[in-house]
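So, here come the structures, one by one.
Consider the two complexes below, in which chain A is the common component and chain B and chain C are the respective partners.
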Partner chain A sequence: MEDNKSPIMDRIAEANKAATTGIDAKDIENWITIHIMGKAYKVPADLTILTAMEYAGYKFVRGVGCRQGFCGACATVFRKKGDYKLQTGMACQTRAEDGMYLVQIPFTPAEKAIYDVTKEPYEASVFIRYYPEVTRCVSCNTCTKACPQDLEVMDYVQAAIRGDFDGLSDISFDCIQCGLCAMRCPAEIVQYHVAQLGRRMFGRYGLGVPDHLRKRVKEITEGKFTDEMNKLVSCSTEELRKIYTEREKEPE
Partner chain B sequence: MNPTNTKETKSTSSGNMKFPYYPGCTLKTTAKNFENSAIATARALGVELLEIPRWNCCGTVFSLAQDDLIHHVASVRNFIRVQEMNDYGLVKNENRLVTLCSMCFNTLKSTNRRMKENAEDLQKINELMYREEDYKGNVEVLHFLELLKSLGYEKIREKVTKPLKDLNIAPYYGCMILRPKEIAIDDPEDPTIQKDILEALGVSVIDTPYKKVCCGSYQTVKDKYIVAELAYDILSHARKKGAEALTTVCPLCAFNLDQRQQAVKEKHPDFEEMPVFYITQLMTIAFGMDKDVFGFEQNYVDPRPLLKSKSLIED
Partner chain C sequence: MAELKYIEGYPENIRKEIDKVTKTREKRINYTPPAMTMKERDEVLRIHPDYAPGGKRELQVGPNKGNLAPNEVADLLEAYPLIEQDEVNISQVDYDTDILIIGGGLAGTSAALWANDSGIATERILLTNKLRHGDANSIMAEGGTQAADREVDSVMKHYIDTIGGGHFENKPDVARALVEDAPLIMKWLCELGAIFDREEGGDLAEKLAGGLSVKRMHSCRDYTGLEEFRVLRDEFRTREIPYLEHYPAIELLTDGDRVTGAVLWNLETGEYKIVRAKATIIATGGYGRLHIRGFPTTNHYGATFDGVVLAYRVGAKLRDIDAVQYHPTGAAYPIQIVGYLLTEKLRGSGAQPVNADGEAFVYPLEPRDVEASAIIRECYVRNKGIVTPTGLRGVWLDTPLIEIKNGKGYIEKAFPGMIRMYKRYDIDIRKDPVLVFPTLHYQNGGIETDPAGRTNVDGLWVAGEVSGGVHGKNRLMGNSTLDCLVFGRRAGMSTAEYVKAHKGENKIALDHVKRYVKNLEQAGVKCTRRAPIILPDYRGKAALARMIDVF
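The block that comes next holds the complex of A and B.
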């Protein structure tokens, strides 16, 4: 593939290399044994579940994403040696431990409703309409226990049931949509999609249009950026690349 | 989450008696007028209803199956929140949990009774909720009407600035605050608690044997005409006895007796609409409160023409 030779692809490939690449096995002092889908592997200690599995030879196409704990793509289920509890986490953020039993969850095939927030009433009935399962919540709190972001998931489901859009948005704000809550819920609620519906409704009806946005839209409509935009549109690729690399950056 | 951060705690006026208060989902949606009028009347009587931080749905109905413990978890979790309110000092040694909705009252009180009487059930539920502190079984579930009774009808009478004279009202109780008798707030065969409150407001109280006949409850979801027939009986009997309106303390009864009058009219074209009040709405009028707390816009049958004809409200 031609694309593989581009510098950007090289950099992505470099970033995706396992953490231990380049270190000789003989130089690694501490080793642990993990069980990936029931099979034992010896891997260096101090790795995350994700890099430990890559060390063992797994190559991820799905079930991996930003590697920074933000994107929610590497949902994982594990059990520790001697413990009966199934635990959940993000593979890129959880340290592999000796005796762990592991599996990656590449995708949650949960139902996602299609709606137009501009046409929905700003009341609890919107949740009942698109996700009627929310009313089956028995407050068992399993979702909260499953959440790798430590959100009070049950509390925002309860907020949805009583139409508290503000509370729901506040509690669920840090959701990374990994889907582990829905995978564990005995009432088959799709918590993370419920929360997204709630936050969209809150954004549309609860917050109003902020002043700075109103001001900026006015500036755009009045043509404040038109000349600058036209200049950019008429640039060649080379000129654009130069402008981009020399752009004003926030200090690191 | 720190329960002391809740906005409810900020709005408390000092000096009032503070009670943990469980609203329930309906009080936050279709029965906002019940909640607003109840909180306002409580405050007028020197009682602050403090919404429990992080409350969850009560479970809606009390599960009668012996082995169905999971459906009692929701109620017990709310009792733990009451313990926490005491731990955090939001209330002082106050284990009485006040409810407004009859369904919530029934579910919470029935569950509480089972937990107090069956230590093994309580232990199982506590173990399932291992992240919470244990429920110690000390909470007492109180319906708002019981709270009013404990304050004394005389105290209510003292607050009345606009007596509701010439208003003929039939109190309706429904099932959930009267049955089973072990959790009843009053004599399940002949309840008088609403009558006593209404009389303190100056109302002419109409007694009807239909006051404790079931409104049809959740049949309203399956077949509205089952409920419509029951509502027809309850409402037309009250009218025959001279009532001009009904009072209730249950959002589900209110829905079945008020909103379902539309279905009643389909089946009985001669039926005359009758307003259905939450008893606290009448209290706000009698206490001379601002019309903003009446909440009549959420009533299906508009009670304002009746109240205007008695010169109890202006517009």
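The block that comes next holds the complex of A and C.
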């Protein structure tokens, strides 16, 4: 199956080398200039802020994590050329643009409250008890504008104040806890911590453990499957292969 | 090259290719290509990066001397340490603890919680992280976690699916532990407040995935790992368990026979710290950032194999280290997101891989190695792939099918992360298909353990991706987050018991490093590489060429 002239694996590696070994200038046609903390760098046009900074020579030890928009480590603030707006984004998810000037905010000083969700009453007072500053919300919506996930942050803060655990969980669910909302909030609320508390309360009390799961755990604990599992783990590979190929599949 | 004209995220020439997919969509709604026979699977697997010629060599040193390993892996196992024995002063102990946990993803964090639940005081636990607590592959797990908790399902079915997917090479005792603990883990997560997708009546919503015979995948939209992890981290912080960030371990310490701690290194200042511990758990994850065979990866920035490198030097046995998992559907376009994960849940929800002629060419839910091989074959053997503006090849993943099958609004509800990722490049996955190609995803093998997470080296436990055996040669979707949670728990409980029984003062030394260096020299390995590498290097070649190291 191999193409002998040029092995497939070599062709795949060659096509991917910019993403695996760093970018070589000779492969690049289009260039832009970005300003990293005020210093101008010429970088390839088709990069994210993160990869543009790496191209420029930065080796990250802070301000980087998953590189795919899940971890919230690479929070960045920037302005674009000719635009008064202060914008926010994740460096790994935001395209570098010509004339952009930026700085990363790799850490948010914010205290997380100490609570035990198993002992808290399932009511609105839990937010006031641990994060009383939520009541300082002036509904300015700056948090929402700062959110790189485009969440309606202000709406979930309001949901917390109302004790709407379900609503808070739904609105805040895609939060990656990057801290940009908290850095911009004039009322000094730490929105993502508030949301975390609310979601755990909803998960524990609003949803709980469903009966089918409780039942299965009981069955396992009581040893319902033990004999059959004993038999299965001592099967030969041939026997297992037969069971595997003959097993029925549940339709989609 | 002239400036490309873009229409809704795609250059004009690629947009024309999409028409072929749109044209055949109607016909494909009720058509799924048949699953491959075992013989067909074997045939297509010959093109898989693990089996294609080249790419591996025999290890020259250590407990697995003579075993095959990918070159990138062998390079690190046959590398010299970062510190020589006399360079560090280990007489001053900075942290004296009962349980040291290296790596704070789902596995390490679970281990800490369960050690604490098993009677170890919070202040007798120390969790150290290379980057921040949670900068791990765990939080990037999109699709879900398997657990056999429906009436029609059973732990036996979960077991059979798991070992069939693993080519019947899984270690039976650990695979059994995985499936038997799964429902218990789900219950634990629900009690801690994790929010899983639910059916109308409140039952857990469950889906099919590659290699599963029954709907068994539990998801939290497409942020499953993130939700699971942030709940555990919140609980961890709530209990005020000590932790360090930006402190990778660069070597283990031993008393001659037992592992008794580690040398940590401050990633920002360069200062080292000495930890003495009665038990050590390695939960450092996998090796995506080694870019094995030149593939891009879905993995986080710190996935550099450090834990295995350290454990191997103290004599820990590895297994299935030659088996690399390539996820069938990584992004192939646009260039900014190449290699990023497109969760298997997309295919579990009805999206089909489609070639340049608009044909569905493979059963969408084969085990990952088979599915990945079929896509490589379509692109490079049958030449039915689509070539991107930067010269990559890929096939279509026909995402609009999902809403035809599940109803309008489904994608927004189930895949907010995917919508967001593509929207940034003006692509709407509800209207248009996306280009995919396999991407380096998972370390199938690793350090061998017993069902308690114990290695062959006294005092050393492992949990999560760093371990080997449970997935055999190929992991199924939904078994990785589960692996972390099951064996994190078991390692936490097992170390707690060990620590309680263990009396007396521990010696710490680096003699094993000296021995390992001697072995390398005897094997004729030149000192051209050092490991662990801690982080990959993506700096531009032009900048690197002119860099002067002054400080």
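Note that in this section the second predicted complex is superposed on the first by the 190 of 252 C-alpha atoms of A that agree within 3 Å, B and C clash if a C-alpha of one lies under 4 Å from a C-alpha of the other, contacts with A are read in each partner's own complex, and residues count from 1 in each chain.
Methods note: a residue touches a chain if its C-beta (ideal position, glycine included) is under 8 Å from a C-beta of that chain, and two chains touch if they have at least 3 such contacts.
All of these numbers come straight from a predicted model, not from anything done at the bench.
Once chain A of one complex is fitted onto chain A of the other, the partner contacts of A:His35 are absent, as it touches neither chain B nor chain C. In the superposed model, C is the one of chain B and chain C that contacts more residues of chain A.
In the superposed pair of complexes, A:Asp164 makes contact with chain B only, with no contact to chain C. Judged by the touch definition given at the top, the superposed model places A:Val209 against chain C, while chain B stays out of reach. Touch criterion met: A:Cys137 reaches chain B, while chain C stays clear of it.
In the superposition on chain A, A:Ala124 makes contact with chain B only, not with chain C.
Residue contacts after overlaying the shared chain place A:Lys145 against chain B, while chain C stays out of touching range. Those residues of chain B that touch chain A in the complex are listed here as 1, 23, 25, 28-29, 54-57, 59, 70-71, 73-74, 77, 128-129, 131.
Within the complex, the chain C residues that touch chain A are 1, 38, 46-47, 49, 52-55, 131-132, 134-135, 137, 139-140, 147-152, 154-157, 159-161, 163-164, 168, 172-173, 175-176, 180, 183-184, 186-187, 190-196, 198, 202-204, 208, 213-215, 220-221, 223, 225-227, 230-231, 234, 237-238, 240, 246, 267-268, 291, 293-296, 298, 300-302, 334-341, 350, 376-377, 380-381, 390-393, 416-417, 420-421, 424-425, 535, 537-544, 547. Residues 123-125, 135, 137-141, 145, 152, 154-155, 158, 161-164, 186 of chain A are the ones touching chain B in the complex.
Every residue of chain A that touches chain C in the complex is listed here, in rising order: 1-3, 7-25, 29, 43, 46-48, 51, 54-62, 64-71, 73, 93-95, 112, 114-118, 149-150, 169, 173-174, 176-177, 196-197, 199-204, 207-214, 216-217, 220, 225, 228-229, 232-233, 237, 240-241, 243-245, 247-250, 252.
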